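Scrolling down, you'll hit the structures one after another.
In the two assemblies presented below, chain A is common to both, partnered first by chain B and then by chain C.
Our next item is the complex of A and B:
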């Protein structure tokens, strides 16, 4: 389905990202969700805002990925009763996003399947909504009892294993509740929100320029993807066009981020299956990779390099042959290691058939990113109608059909190879010219949305400009929102000791969704 | 198997041997090893708690364990339980939702309860600051011996922070 197939007018945003904004009625909101669902469109993100200070009540927004771009629907809501038709019945992924939006703003879906809090634990009481405009950021509420009710499973021999929020290794905090019989998992329920640190509220105290540093820290392992998506949103709302060299350099950084994370995960996957050799080898390669980042870009993880209008620094053309050599050498190493992984019977025995997400389930629940590609869904923002420079790179989308841990590992292997090819190509064809342009001042109320295929999947950032070049509202969306619920399905019927392996094969962000 | 052995032989031992390994790493590892030996009988146990980081600092803690930095080779090991830990590494500003878990972890540790706060967030609250959801710096919640700035701090800086905490405890 295309934007033009929807029965209301879109205001299309300037720039290459193909984003349309439309205002809808409650009936249209509901009917469109149904139509989009049956047409195979996906819900990318959902967020709410308080507009009472503008005498405009509240609003809820939903962003859907259509064939020819992103449709961002806005439903205005009255201040007295900010309720809206539930999207969860059409798009299961909406459930947690709606719960988070309610905790922060008090905007509620009508008759949702699950009305429990999500981001609110004990830091603020029921009835308070910290993202409302009349709540000051430094408000402190007395801690309230956190009495979350998990869904319980009963039956002969069923028992529960609670894990977290503090985990056994160097891992982000979250709580997992396993219901098991013997070793077999009957149900897993995750509870996140432990890392909620008020990111969206924080954005509202920043200027459009300052916000990029915070965007780059929504999920540190995806700093490039978030900074780029944020910058894209600001460029869109202010009508700036970045030069071709800036686009190419951004893509180079994004692919370097993808390679770094995939290398780390491939090593960790080996380790979690008892193959420490893999961890040693891949973490060595990753360290070499990070050191080159530090040498050429001044930061191991490439934080704070992308800014609205381009990049902070240009890349010295003298470095290009070194980059080309590095990708060439690394490609050889990865091929060798892949052969070792593929030939290792003990390792393959752990990876194959473990943590399966079928294609049908993936479609139904809206899986995204690399995990979706491992379950046979060919979704990748870099392929097809893509923003520059990807429109000219002919990116190959890596897909597998098995949907198991082995498939998610295989997709990573293939994506490392493809990213290395892209970096080589970008280095070879890097356009001359400036790497940064001045960003025109933004009109108050102007909105922009940036979308970037980060290493986990689609990162989306929505920005609305306030007065005087300030941020009025910024909502960063990590693909982990979509994928966390699938992890709960992937573990079913597997044994508890396989959980770390399955979890690692998704490697989802906690910080990115706790906000 | 033969591929694995060939790869191991080809790789060799990379710890400190990397041509660009800086002097500070060598100096740090030597001193670390001495101090761990002197103060902790050669085995220091660390527990890490992420109290609300962006997950960038975790990447560098992992990197401190890679073959180049080889923290474990110095007798420094990460444990799953705070009851086994000599030293607590804390990353992130402390989110209000993690405050209780962090305090409980600290309480569960035996003396000397060394605490190293990692990253700009651990030092000052960083870009997230203090808010309805964030308590900011780690020392707002538990006593901190050493705070390591950086966003994220490099593995060598993290190792130096650990070293400083041990040396102080002596």
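Our next item is the complex of A and C:
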């Protein structure tokens, strides 16, 4: 389905990313969701905003990925009863986003399947909504009782294993409630939100220029993806066009981020299966990779390099041969390590058939990113109608059909190889010219959406400009929103000790969804 | 004669208690080297134990007397076990009192109390670990007994000292049955000592743990004793293996002069054995937990095969 097929006019955003904005009525909101669902479109993000200070009530927005671009629908809601038709019945992924939107703004779906709080863990009372405009950012509420009810499973021999939010290792906090019989998992329910930091509220006190630093800290392992998506949104709403050299350098950073994370994950997957050799080898490769980042870009994880209008620093052309050589050497090493992984019977026994997400389930629940590609969904923003420089790179989409841990590892291996090819190609064909342009001042109320294929999946950042070049509303969306619920399905029928491996094969962000 | 024996007994137990962390440190150091890491040094287990002894003990409110007593009991069991296994010399007054069957029982006792203590605090991980530990134990112990029976058949005794003396001093004879037994023993040893591929001693993932899950609630001196006992257990198994399959060099009863040779021989064997263990662990991945029964069933099968080989080929009427 294409944007033009929808029965209301779209206002097309300028710039390379195909994004259309439209305002809808409550009936259209619901009917469109049904049509999009049956046409195979996916819900990318959903967020709400308080506009009562503009005498405009509230609004809820949903972003759908269509064949030829992104459709951002806005449904205005009255201030006194901000309810909207539930999207959860069409798009299961909407459930948690709607719960989060309610906790933050008080905008509620009508008759949702799950009405429990999501981000509110008792740090603020039930009636308070911290993202409303009339709430002071520094507000401190008395802690209230946190009475979250998990779905319980009963039966002969069924018992629960609560895990986290404090874990035995140094990892991010999340609570996992397993209902098991012996070692077999009957149900898993995850509870996140332990890292809620009020990022969206903080954006509202920043200027459009400052916001990129915060966007780059939504999820530290995806800092390039978030910063680029944010910069893309600001460039779109202000009508700036970045020079080709800036686009190529941004892509180089994004691919370097992808390679770094994939290398880390491949090592960790080996380690979680008791194969520490893999961790040692991949950690070594990742460390060398990060050190080169620090040498050429001044930051191991490439934070704060991308800004609206381009990049902070140019890359010295004298470095390009070094980059090309590193890419070449790494590609060889990864091929050798992949052979060891593939030939190791014990390791393959752990990875294959473990944590299977079928293609049907992935489609139904709207899986995204590398996990979706491992379940046979060919979704990649870098392929097809891509923004520059990807439109000229002919990116190969790595897909697998098995949907198990081994498939997610294989997709990572293939994406590392492809990213290395892309970096080499970008280094070879790096255009000359400036790497930064001035961003024209933004009109108050202008909106922009940036979408970037981060290493986990599609990162989306929505920005609405306020008065005086300030941010009125910024919503960063991490692909983990879509993929966390799939983890609960992937573990079903598996055994408890396989959970860490399955979890690591997704490697989802806690920080990115807790905001 | 008797005071001399008592001295040798005391010395051997003391030697084992002191050396055990070093043996564990050696294995860990080898693993680190094999993974291209520098490693913490062979004395790291001593530092860990010393650190834990200095730390305060944090007890769960619902922890009973059992929970506090078990670390001492487990440590005691392991020290006693070192008294039964001929490590340096065969002159051990405890040995006639306890044969291999008693040794297996002693190890089982420690394990059962460990599992009880794990369940004592009522946390999910404790019971999870205890459950898995018993799954492994129930399959490992019969296999271990079968392994012991084979040299017993050769020596016509279940006393370890007699077995060792027989094996070390008989004319050089090839025992194919012992090769089967050795393979079975190594498999049981990996399982019983929570090593890869059955368990992963280095993991931080609480959901995959077997042995580690049972001791998650322990801290301070309790944990120190358990870690120490764990190192002792590894040494006990290693020395059992040495005594049964490569006993040469051990000092005979009353031969004090042979002791230095015995110490050197043991050190050399432990160095080689520890390195071999590290290699095994490095090239293996951890088994999915329900493959552990298959693994241990294979060990049992090996032991039975060894025994059949002995009865068919080696037994003299």
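By definition in this document, the second predicted complex is superposed on the first by the 515 of 515 C-alpha atoms of A that agree within 3 Å, B and C clash if a C-alpha of one lies under 4 Å from a C-alpha of the other, contacts with A are read in each partner's own complex, and residues count from 1 in each chain.
Just so it is clear, contacts are C-beta pairs under 8 Å (C-beta built on N, C-alpha and C of every residue); 3 or more make two chains touch, one makes a residue touch a chain.
Nothing here was measured: the structure is a model prediction, and the numbers come from that model.
Asks: Looking at A:193, would you say it contacts chain B, chain C, both, or neither? Reply first, second, both or neither.
Replies: first
Asks: In the overlay, answer first, second, both or neither for which of chain B and chain C A:168 touches.
Replies: A:168 sits against chain B and chain C alike.
Asks: For A:144, select first, second, both or neither according to whether it touches chain B, chain C, the two together, or no partner.
Replies: Once the two structures are laid over each other on A, A:144 reaches no partner at all.
Asks: Just to be sure I read the superposition right, which of the two partners does A:153 touch: chain B = first, chain C = second, or both, or neither?
Replies: neither
Asks: Which of the two partners, first being chain B and second being chain C, lies in contact with A:18: first, second, both, or neither?
Replies: Neither partner.
Asks: Between chain B and chain C, whom does A:320 touch in the aligned arrangement: first, second, both, or neither?
Replies: Neither partner.
Asks: Once the shared chain is lined up, is A:277 touching chain B (first), chain C (second), both, or neither of them?
Replies: both
Asks: Determine, for the superposed model, which of the two partners chain B and chain C contacts more residues of chain A.
Replies: Partner with more touched residues of chain A: B.
Asks: Can you list the residues of chain A that meet both chain B and chain C?
Replies: 168-170, 277, 280-281, 284, 344
Asks: What residues of chain C sit close enough to touch chain A in their complex?
Replies: 31, 34-37, 124-125, 128, 131, 196-197, 200, 202-208, 216, 282-291
Asks: For a test of understanding, state which residues of chain A touch chain C in their complex under the given definition.
Replies: Per the stated touch rule, the residues are 159-163, 167-170, 182-183, 270, 272-277, 279-281, 284, 344, 346-347, 349-350, 495-500.
Asks: Please give the residue numbers of chain A that touch chain B in the complex, ascending.
Replies: 121-124, 130, 135, 137-141, 143, 165-166, 168-173, 193-199, 201-202, 213-214, 217-221, 223, 264, 277, 280-281, 283-284, 286-288, 290-291, 300-301, 303, 336-337, 339-340, 343-344, 509-511, 514
Asks: Over in the complex, which chain B residues touch chain A? Could you list them?
Replies: Result: residues 3-4, 7-8, 11, 14, 18, 20, 48-63, 65-68, 78, 80, 92-93, 95-98, 100-101, 105, 126-134, 151-152, 154 of chain B touch chain A.
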